[in-house]
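Going by the order they are written in, the chains are A, B, C and D; count residues from 1 in each one.
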């Protein structure tokens, strides 16, 4: 960890994600997997299992939100600064059934000093869009790695 | 079931909720409890447990969404017609810790023939607001109980 | 102005609104009228005129947003602190025609130290709901009236 | 008009926009200009004038919404089917001053049979993002041009 080159955005993104993942029991317990992560972006996958569905074998929308929210959380925490979700919205476009493999791709739409906007598309194994999510993040105090002092 | 008086809104709301609950493995697995339900309204509670938190013992926002979304789902399904979530938004106002007991109260803001808007406030055991959620529902074909034919 | 009793919420709300209104050319030019204002609340009205409609004599949704947004702006600025809109959402439920008289009622849903949530319902002259709006405000530096020093 | 080749998406988009524009007094009165239009996309511009600002020469957020909403409306009406706004959200990221020239670019995020999602970024003359808007459209009965019968 101590060798992370904070000035390399791709390496920094991966290192931040590694730290977050190691303590994210919630995502782990849901069977979520990180496919890829990069500066301002993250892709995560999850299979809809028995405990996520209602009597019609349709996934509870909350689990789709959860997958999208996790991708958003990882994407907005790739710049070394701690960031949290402030406001999220989700449009459910197509139902998911038990056994479906869902993939969420989070991309940075906008990033300011204190806040950011991330768009997450959730698709199923057929590539069809299941949900569109937009998350607003806010930076809070703290960094994953020491910020190098700026030389004069 | 066959004795449900569909014309009594309170009895109908409870009966619809009973049916939904019996098959809602997702909410059951999260330890969610229905406190009360009525026409266009529902109150549900949940405790933040170990599997819902990240390394800082702060609840993953997705579980707060899940509780609010469940209360919304039950509230919008109290009028006999099947209804599903179409669009949801959530503002996270205060973090929740492991052990917190959260309560979500869903109230009907607007109901048309085909769609509805429900506001859900999530508070913790101190009565402080943790999140504000707004859900848009859409009616789909199907009813919980047979609709009595209208007499001429 | 100098006699405003800042400790009287109702008088303070009215005084803040008077100041805002005197410089709000945008709302004035749209023919918006303030019906009432109070702590965390505001009611405003507007008639849909020729310049607000498209070829089908249906009001451009932007003007309905504008009315709701104005009511929100006045409501969130009734506590002496300057506040601005950060995030807004609107659901269009029913079209408005030329000649319709719309009324927007803004109510405070949540207020923290730095931010607030306000719900605005827009109805027409028949009392039917035209739109539901939710606005998130953020406090910025500055007050309408000097804040009295707290005595020890 | 009668010569519009409905099967050419680019030509159809322009033709739909021409019809919409001819009757859109609201956008015309605000000084909005259509820069370009294409299948599922539209770019429109507007200058912040005196009547759009408050006493601090800051543009009323409603006019920024209006510009974004217009770009959204044109973009979602480029496929021949009439479409209307159902739900919109906007994040205000940076204030605009009198004299600023704002540009809104609407792009199709998702399109189903009955509904669509469009993202609109509003930037100022320096290319800085002023607002991010997301609009949900819904198809209503009617088309701009006769739909050719499908041959067997």
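In the analysis below, a contact is a pair of C-beta atoms (placed from the backbone, for glycine too) under 8 Å apart; a residue touches a chain by one contact, two chains touch by 3 or more.
Since the model is a prediction, treat every value here as computed from it, not as a measurement.
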item	value
Equivalent interface positions on chain A and chain B, same or different at half	same
Taking each chain's C-alpha mean as its centre, the one farthest from chain A	C
Superposing rotation of chain A relative to chain D, computed on C-alpha atoms, to nearest 5°	180
Separation of mean Cα positions, chain C and chain B [Å, integer]	30
Where chain A and chain B are represented by their mean Cα positions, the distance between them in whole Å	25
Cα-centroid distance, chain B relative to chain D, in whole angstrom	35
Shared interface positions of chain C, touching two or more other chains	87, 89, 91, 136
Chain D-touching residues of chain A, taken from the complex the two chains share	89, 91, 93, 109-110, 112, 115, 117, 119, 129, 132, 134, 136
In the complex, chain B residues that touch chain A	20, 22-27, 29, 50-56, 59-63, 65-66, 69-70, 73, 84-92, 95
Chain C to chain A touching residues, read off their complex	87, 89, 136
